[in-house]
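Look for chain A in each of the two complexes below; its partner is chain B in the first and chain C in the second.
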Partner chain A sequence: MTALPASTNKKLGLVIDLDTCVGCHACVTACKGWNTQNYGAPLSDQDPYGDASGTFLNRIHSYQVEPDQGLAQTIHFPKSCLHCDDAPCVTVCPTGASYKREEDGIVLVNEDACMGCGLCAWACPYGAREVDEAAGIMKKCTLCVDRIYNENLPEEDRVPACVRTCPAGARHFGDLADPDSDVSRLVQARGGVDLMPEQETKPVNKYLPPREKDTLQAPEMSGEEDVLAPFLAPVAEEPKGFLGWLDRTLEKL
Partner chain B sequence: MHPAPSVIIFSTLSGAGFGLLFFLGLDPDPPRGWVGFTFFAIAYALACGGLFSAFFHLKNKKNAWKSYSQWRTSWLSREAWAAVLALVVMGVFAAGLVFRDTHFAPLGWVGALLSLATVFTTSMIYAQLRAVPRWNQAATPAMFLAYALAGGALLSGRETWSGWLFLLAGAITLWHWWKGDRRFAEVGTTIRSATRLNSGVTLFEAPHTGDNYLTREMVFRIARKHAVKLRVIGLLAASLVPAILVLAPFDLGFAAKHALAGLALLIHLGGVFVTRWLFFAEAEHVVGLYYGAHLDRQAA
Partner chain C sequence: MTKLIPNLHPKPGDEIRKTTCYMCACRCGIDVHVKHTDQGDRISYIEGNRDHPVNRGVLCAKGSAGIMQHNAPSRLRAPMKRTGPRGSGQFEEISWDEAYEIAASWLGPIRETAPEKLAFFTGRDQSQSFTSYWAQAFGTPNYAAHGGFCSVNMAAAGIYTMGGAFWEFGQPDWDRTKLFILFGVAEDHDSNPIKMGIGKIKANGARVVGVNPIRSGYNAVADDWFGVTPGTDGLLILSLVHCLLKAGRIDLRYLRDFTDAPVLIDAREGPTKGLPLRDDDGHALVWCRREQRPRCFDAEDVEPDLNGAWEEDGVIHRTVFHALAHKYLDAQYAPEAVADRTGIPASRIRALAAEIARVAFEEAFELPIEWTDFRGRTHATMQGRPVSFHAMRGISAHANGFQTCRALHMLQILIGSVEAPGGFRFKPPYPKPATIHPKPHCKVTPGAPLDGPHLGFVHGPDDLALREDGTPARIDKAFTWENPMSAHGLMHMVISNAHAGDPYEIDTLFLYMANMAWNSSMNTAGTMKMLTDTRPDGEYRIPRIIYSDAYSSEMVAYADLILPDTTYLERHDCISLLDRPICEAEAAADAIRWPVVEPDRDVKGFQTALIELGARLGLPGFVTDDGSPKYRDYADYMVNHERRPGIGPLMGWRGNGEQTGRGDANPNQLDRYIENGGFALAHIPEDAQFMKPWNKAYQDWAVSLGLYDKPAPYLFTLWCEPLRRFQLAAEGHGNRQPPDHLRPRILATFDPLPIWWNPMQDHETEARFTTTALTQRPMAMYHSWGTQNAWLRQIHGRNPLYVPTDIWRREGFADGDWARVTSPHGEITVPVAHMPALNANTVWTWNAIGKRKGAWALHDTAPEARKGFLLNHLIHELLPPREDGMRWSNSDPITGQAAWFDLKVEVKKIAAPADGVSKPQFDRLESPVGKGPGQLEWVVK
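Now for the complex of A and B:
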């Protein structure tokens, strides 16, 4: 079972827009909520009001980028399982618990077979797998497999919890094997990229790089006066008239 | 990587145990009766003790038996097979020698091969991981095999053999360190390739205030200063000192020679323990880059 399928019929995955993600962590909370209340062992927390450690399938890092030109940027960087085509986490698994589905390419863990050795988490270059401390079994993003095909849910809810909840529209879900799907066209239009291509995992999930930011306040612009500047300049340094009187009176009190 | 004591003990002890089984299996005139029993008992205690401590590392032990199912793809599954087959074959071989005074040589050869295969499969669990560049090199299996053979040779009373094997293991360890210090840059994963963001990327905020499974398990950092000291201690104890003790041409009595060999063995195992600790503690997992670690190791 831990042999990878030669090819998958679909490649369901996420496209994450680093330009629009605002780092609100709403997707982290939605993910933890759904995956704690539904399929599989709940995602436990250890000492949540103290040292605060726990299992998460989706985490948001934030990076500071200082480009050669222009201003520094803060980029919020969501990271979850990329459902790789050549998933090293699957082939190392000794028990057959880890597998990649032929029908849609989703990488899953069969919790009834996992022995909690942790080797698959070592094999994943992205840190997308975590052993749950309470359950002792491997947890990872399921692409909300219990939502996307769930006919008990209204149609608009049949997407991963993180995608459904993202207030910025930074997360997109779809079939990346179909060149005409919305996600594939988005990747095409925005130059979507793979993370760590040199690790040769062939991730399905794609990341859209941040767009160029405007340069209105970039260092080379400062010093030049805007044409509107005279109208925007403060009219009086010291308050005069009624405000001035009020100010002086209050000062005396 | 987090240097878990159970895994380090496992690989040190079971390596020596399977090394001893290898030499017992190939021996043209292996020990029989009570002497044989003692040798095999030591080998099994080391090999099984090691396996047991690895078993305790599992977080869901009740499914351990399922690890026999994926030998086609998984080195960990192959290790489980090799270990059990080696122990069973050598068990039959030992029973013949101890209880029946019969030496069935071909069985010993098969058992010897399986014992080596066990050590090799253990090493491949680490060597296969591209995400841990320091392990992902040919010197990793070479080093595990050399230490197993060196320890096994001494345990089986082959002092001269063990002396040269100690030196060989030491040389391979140096090779592993030399290559290992370069592997991260060779693999080419950097914080830029990890995030695909442009020049000058630094971690601004981690995803969480506390630590997590990933940072505990995979983002272990050891001060470079200590690493150098420990490398010197490890190399001296695992290789040079025991080699000198067993190869030195003193004309000692039988008892003194055995005492010296015993001392060499203890120093050697201590040294292997130190180098194994370093093998884990120094290993950088590429996921550390996401947490702002190992930037000094990445390619420019």
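Now for the complex of A and C:
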């Protein structure tokens, strides 16, 4: 069993905007590219040119939502480790390989100490950890800990690979312990939520819910378009009347 | 246990090399991190270039997975000649010298006797100004790229209506738009700029509306979704036009000043009826409100009257706008009249029209930028109309696509938003009137070049590509009565026409980067048969096939000679203003690719191979006066070729290195591009950034850059004169006459104002074919040739048929079930999945996921080869037979665009196949490259 820090100085994490995530998977392959090359063992792929199954630290799930009223929707839902304050994956770890950093709250795996038992993956309610079949150890999102402090990268690039690459700007990175940080303000303004709060894991990552959809609805009408006045009030019912309106209007131009 | 301190400061690579992505057609700037290793330079990471005008640092899933494309086991390794029967995949590797000798021995004699016997078609080629130049020098009329089966309707309708279309031609004003309406599938055109734009406008509080039968991708994040019935977009748009006209919610000032709405139409019976009236110099005439007489549209003090009428010799010539108002105010376009067919309730059509009206006119604003128009009038401000639109294949790939695209352009013109701040903005070299584009050329002279460019814009029957006897000059029958305005050619008809010897037999089919033996052809099984079919004497009906590709695609197996291309990181390319540049609304821009690493195989960039072949054939432009090769390779061509004096493929750093656009060749040009990150930018002056077709400052800037040789202002053409000219021919006027069987169709569909008809009616041959079947490429794969990509295929390796709730329930489907899908042409057996966010009578699947066993270095266990499938098997290149037995092309009657999305099917539940494999299946191809490894642990040390 491994202890969590009593508190962390920062809570670095992601804020993911479900209103703008188009499900393009850019974050998935940017993550794969950076993390197979860096932090610990490469992210292996089994049978990559057959019935492939590989290690990914970040995946996008797509859901169909059918509201009681209104049209069905598709929601793209990116998911990676949420760097929980009360991370059950850490406390369950028998070797101490899984740990949460006191300085920034990032949950990491010390690969030298990991024996690949998989208990942490069972403990994680989000399914955010994956055993790497080739290395026999547990892999998970590092929040690109080897980018965000990396003095070999330009300062503006010191963000997770998924955030740097996201074309729609749906991914934001920052300190959620600081109420004045950009990410905290975004969470405040947009009503950001925890994923599965009932699990009491206190995830650091937050999700911004989609805006209300399909609001462009006019009541059924029987030809009385001026219900929508002033936007669609008819100027005339017939072409002749319309051309009369045209002449009058042109006169004023 | 002590905590391991991870290395927090890894270097991504030893060096960054900046080039241009080619994982799709979007052409973003990329930073390629390279490590110097014992095995040479190797690529360790790819990310977006923050300075690049297209992507500004971001990169999509394809771009970030480029490293897996670069190391793909499916890469071809050396030139090959076929050893087994065609279609077997049996080859032997040969030297480049032998490959060139073989190609030259086939092509040389053709050129001397009958150059048209070479059909040279390139697929997703981005070097068309070069490949067409080569084909022109060879002398064959048979050249085109893949636009005819992609989005020619969008491009051509845009150019004929307003001098440009979406994507490469222009973009929404992302900074100012307040309402963005996206019609149909557009996941790749553009890729990153649209994603960036949607993120930006949502942050600005703008509304995003998606009009698409399928709520995925951009439609998933759209604030409002209109799940339109496929093929009825045009009807929906014309109903929006009806609502806006009826409410007077149109920009009369814009229509009066910048469009042909006030142009007078000839009302006299006879060969000019319905054509714009012109003066002796060819200037269109308008009725001047002030002087009460017809005058030139561009006179400095003219006051065009939208409702003008000129009574002359007992007839009354009225304006385009008069005709337009009468047409669209008709009750047939009322929301109630179209609701059932479009699948959108009348109240929602009205709500959308009202929102367009509200944003265009209530949220209008003016930018305090003074500008002068082509009539010499100075305007103190620029009028903003913050409504923008985008569309691509979704509305293009129907047989009514040209008119639907025209309808969409008409809608944005009526509200005055094209080139207005907040609306749609052109990107250089557009805007450009249709009339200054080339016309098609087809005059063949043995041993000599063609008489001009192959492709272009026709303006009437005189411009058709017909031989003296009236038969088609081109193997694809482009620019004929069957599809007169086929600006991009008809690549999808080449194989079937060549097989049939109709209009004539060819000798050599030369293809580049086009998987015609699989997902790029309709009637895939039939196409494979045509490619292998023999004549009674045992010779193949298409005698010789040369193919160039970087990868072991299905098409490779059907060629006799393979010229192996490089990956995009090993090659030179220019993304040129002569062709399809990467400009932005605020700047002209072009870019290069350069070999950031050298190939480790015996392969060459296709363009370099073509230069060598051109020199061996002695083609003009490819040899010097003494017959020696003119260019060393494509890089040499990019720098030293001049299309017109001082105008070359690349605009940046010309002459002494300080000239942009015009200037002599600069031997250091490519180094300067590389230093600058692989691209060049030329900013448009601030007062020239909007209203460009009419803005004197823009016109002058465009001339200075070399985009035009003289200013070319023009009016937007709501009334499409070339369409009317073809109608006049069909009415019996003129010397060039259509065949009688095509007259009714030309009369009905070539309306000079946008119209709608049901494009599916010819496909509904039996009552059971009621459901429309569509495809789309996933964002993470669009144009990425992605199946051999180990990362991308784990994201999109499966393509069930997505079924809406009504059909799901009707058939009693459950998860894991299978269906038989039948069309008038064939049937397939496929797995199904439920998707509620889908038009109630539409099924769809991801396109081009299904693969043939043996291709792409995949193992037989690959889901793409087992459960994957193509809808192509259900689509024929010809329509079902008509009553008279004739079979018409399954394409737009105006442009010939392949009507992929007019497919009507029946979906029936069946027992899951015992082998769990989709049908049809084909014999395994022998792989010339073997199979990929069983495990990857990708890291570059």
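Note that the second predicted complex is superposed on the first by the 212 of 253 C-alpha atoms of A that agree within 3 Å, B and C clash if a C-alpha of one lies under 4 Å from a C-alpha of the other, contacts with A are read in each partner's own complex, and residues count from 1 in each chain.
Here is the rule we use: contacts are C-beta pairs under 8 Å (C-beta built on N, C-alpha and C of every residue); 3 or more make two chains touch, one makes a residue touch a chain.
Because the structure is a prediction, the values reported are computed rather than measured.
Engineer: Quick one: is A:T74 in contact with chain B, with chain C, with both, or with neither? Answer first, second, both or neither.
Structural biologist: both
Engineer: Determine, under the contact definition given at the top, whether A:P197 touches first (chain B), second (chain C), both, or neither.
Structural biologist: It touches chain B, and chain C stays clear.
Engineer: Per the contact definition in the header, classify A:Y99: touching chain B only (first), chain C only (second), both, or neither.
Structural biologist: Second partner only.
Engineer: Should A:S53 be classified as contacting the first partner (chain B), the second (chain C), both, or neither?
Structural biologist: Once the two structures are laid over each other on A, A:S53 reaches both partners.
Engineer: With both complexes superposed on chain A, which partner does A:S44 reach: first (chain B), second (chain C), both or neither?
Structural biologist: In the superposed model, A:S44 contacts chain C only, not chain B.
Engineer: Examine A:D180 and indicate which partner it touches, taking first as chain B and second as chain C; both and neither are also allowed.
Structural biologist: A:D180 sits against neither chain B nor chain C.
Engineer: Let me test your reading of the model: by the given contact rule, A:E155 touches which partner, first (chain B), second (chain C), both or neither?
Structural biologist: neither
Engineer: Among the partners chain B and chain C, which is in contact with a greater number of residues of chain A?
Structural biologist: C
Engineer: Which positions of chain A sit in both the chain B and the chain C interface?
Structural biologist: Of chain A, residues 28, 47, 51-54, 56, 62, 64-66, 74-75, 95-97, 112-113, 135, 210 contact chain B in one complex and chain C in the other.
Engineer: State the interface residues of chain A toward chain B in the complex, per the touch definition above.
Structural biologist: 1-3, 18, 28, 47, 51-56, 59-68, 74-75, 77, 79, 88, 91-97, 112-119, 121-127, 130-131, 133, 135-137, 193-200, 207, 209-210
Engineer: Which residues of chain C touch chain A once you look at their complex with the stated criterion?
Structural biologist: The touching residues are 1, 3-4, 6-12, 44-48, 50, 55, 57-65, 67, 73, 191-192, 195-196, 198-200, 202-203, 207, 209, 215-225, 227, 243, 245-249, 252-253, 256, 289, 305-307, 321-322, 325-326, 329, 336, 345-348, 350-355, 357-358, 362, 779-780, 788, 790-795, 797, 805, 834-838, 857-863, 931-940.
Engineer: Using the touch definition up top, name the residues of chain A that touch chain C in the complex.
Structural biologist: Against chain C, the touching part of chain A is residues 19-26, 28-30, 32-34, 36-54, 56, 62, 64-66, 71-76, 95-97, 99, 108, 110-113, 134-135, 142, 145-146, 149-153, 156, 161, 164-170, 210-211, 213-221, 223, 225, 228, 231-239, 242-243, 245-247, 249-250, 253.
Engineer: For the complex, which residues does chain B have touching chain A?
Structural biologist: Going by the criterion above, the answer is residues 1, 57-64, 66-70, 72-77, 80, 125, 128-132, 187-189, 193-214, 217-218, 285-287, 290-291.
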